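As written, the chains take the letters A, B, C and D, and residue 1 is the first residue of each chain.
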């Protein structure tokens, strides 16, 4: 998932200081089972601003810095796709002088269902090491949340995704065996916190 | 003027490789007289991508690299202003570890005229030094062009602009004595080339 | 303190992948008393790479991203100062399109004492919020450590330091009232962990 | 060739404002024949600062922006190689969210000859388009120059160089068929200008 965000706290003052409110990110969502129920999790995520990196860690997203670019819509001019069949949207991610991912989505029509692979609830790991020693101070599974979800019309179409090989992370182990559909939409939500569902560190000490 | 661009050549292939099509820039437009006629010129401009910097030099914009951020519109979510009275848009520019400019526009209503201070034609200087020696190989005044102009609705409102003092450029010499109105709109156009109106280097040799 | 670092784990493999081993940082050291004993603490620190930012948080340095530049020594050519009287070293820090600090040190002679203001032990705060709610999961005072310290000859001289006003942090509250001396040296050390001396969060719950 | 530079004009004031004096670059040197004599030329070069990019264009180096990292020497600490047999130096270059090159040199001994493949004089192309139309205003072959060359001891050893395939430039067409030796040294020089040896644009008009 490539995302191009603008965020703010309740007052919204960051919005007129846009270096503190805008960021882009690329993240990978993996499907899995948790106690027999379908779930998703985010093993890798790259972001291009520090405030978003820090907020991600607190919420259980293991964010690292990267360079991320995505085709945008504009309301005037010829140098932007429109939301119409055949429109192409591209995106790239690089980090540590290595390329990480490249994606192209070619729109076909408005989607009836939207993306479904990331429908199951997302569970991530919050982790913060101790001042010294091997046992972390925080090591827990959390369920991602959010409220006041607001979404634009969703378009879908064919998609190409390439995860590169020469990365620090083992992306080939989780690379998709089959690429289904690509989707393009705008989305907004509010996050207050996440819900702890298991504390690994207490289990370690048991 | 702060601008957040996406550009492409005729084929448009850069649009799906967005690191080659997007850039942001901040530039200063100065009003002057040329042979008694009103004109504008761009003495300073900062941009955040190399392809836009190179293209600018060819067209007579003396572009340097900078970090530029601007509040954006999004079609969903609470963390974006809408085009409505009271909406605030901010922008900042920094370069060489120095801050250059900060601006805030607070929208009031749709504008009937749009910005007028940059109505007069823009004349800039194309300059390229010689392989050695003092006399440049290219040193000419050009009139900026462009066709197929496409513009969204224009909003106007009150504006604050601060040009910082500790910059490499002497911005205080051209700082506005009075801040009139601020404007927010989307704009697209096509550039084929610029028109040479005077060759300084030939005059020098005369 | 401006610092230009190269770091590695025991094996040293990051050293041949230098985007993962080099970073620059600027930090402010404040002197204070802890139970009547002289101490130092680092309230603000900016760094230019993510791995150093993350490592800092674990050790109690509240690192944010910034752009940092420092004059360097080179072993050939005219475009570098030498370690000699009159040599000038400059440094700048910017973050979020704002300039943060600018420093110049003009060398006079080899220093007998080196810098002394940061002689007292450094105590910092490790902080990691909870998944939800106001009470943090980690909130403790730690004493910074390090072993195998290795230092080059130290030069000292006159110094100018400017902390800018238009920053997100209140730097004026801790700006130096008097600038004493500036120092220039190389330094290396090994960090295994830091020592916890107080847990604020347990005290809060008492 | 990977290079980590600090540069200044005669006065040297940029040296205490290091964001204007430091840059890193990666460039490719190709050997060829010019009128039967051995020559070299630089078809591709990436640099990480704008002032170096502009200066390069004036001298005939077709510089583009990139992210470049190189292992450095430091005079203290364990996290730096020393100039000794077995020491390893790495370097990487990326641009436009693509990786361009990766190199590792493992030192063996002080070199008697230094690198010889770039001994022949370097000829590059200065090019600056016209305000409009196809025929460039500047299009000439220049011989690179420089005086007051100052060089440290040169170490040599085995080398690995990888030029990546998924780049905007056709690097595979000029990729080395055989990797000979790698070299590590410091170098400084002064450039006043370059010498024009042929003007393509006049030949075109003939």
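FYI, a residue touches a chain if its C-beta (ideal position, glycine included) is under 8 Å from a C-beta of that chain, and two chains touch if they have at least 3 such contacts.
The model shown is predicted, which means the values in this text are computed figures rather than measured ones.
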Over half shared numbers or under half: where do the identical copies chain C and chain D land at their interface, same or different? same
By the contact definition above, name the pair with the higher C-beta contact count: B-C or A-B. A-B
Farthest CA centroid from chain D: chain A
Chain-centre distance (mean CA atoms) for chain A and chain B, in whole Å, is 33
Per the centroid of Cα atoms for each chain, what is the distance between chain B and chain C, given in Å? 38
Quick check: what residues of chain D touch more than one other chain, meaning two or more? 17, 19, 67, 69, 92, 96-97
Given the complex, residues on chain C that touch chain A span 17, 19-20, 49-50, 53, 58-60, 64-65, 96-97, 126, 128-133, 137-138, 140, 142, 168, 192-196
The residues of chain B that touch chain C in their complex are 67-69, 92-94, 96-99, 102, 166
Contact set on chain C toward chain D in their complex: 5-8, 12, 15-19, 21-22, 67, 69-72, 74-81, 88-92, 104, 148, 150-152, 185-190
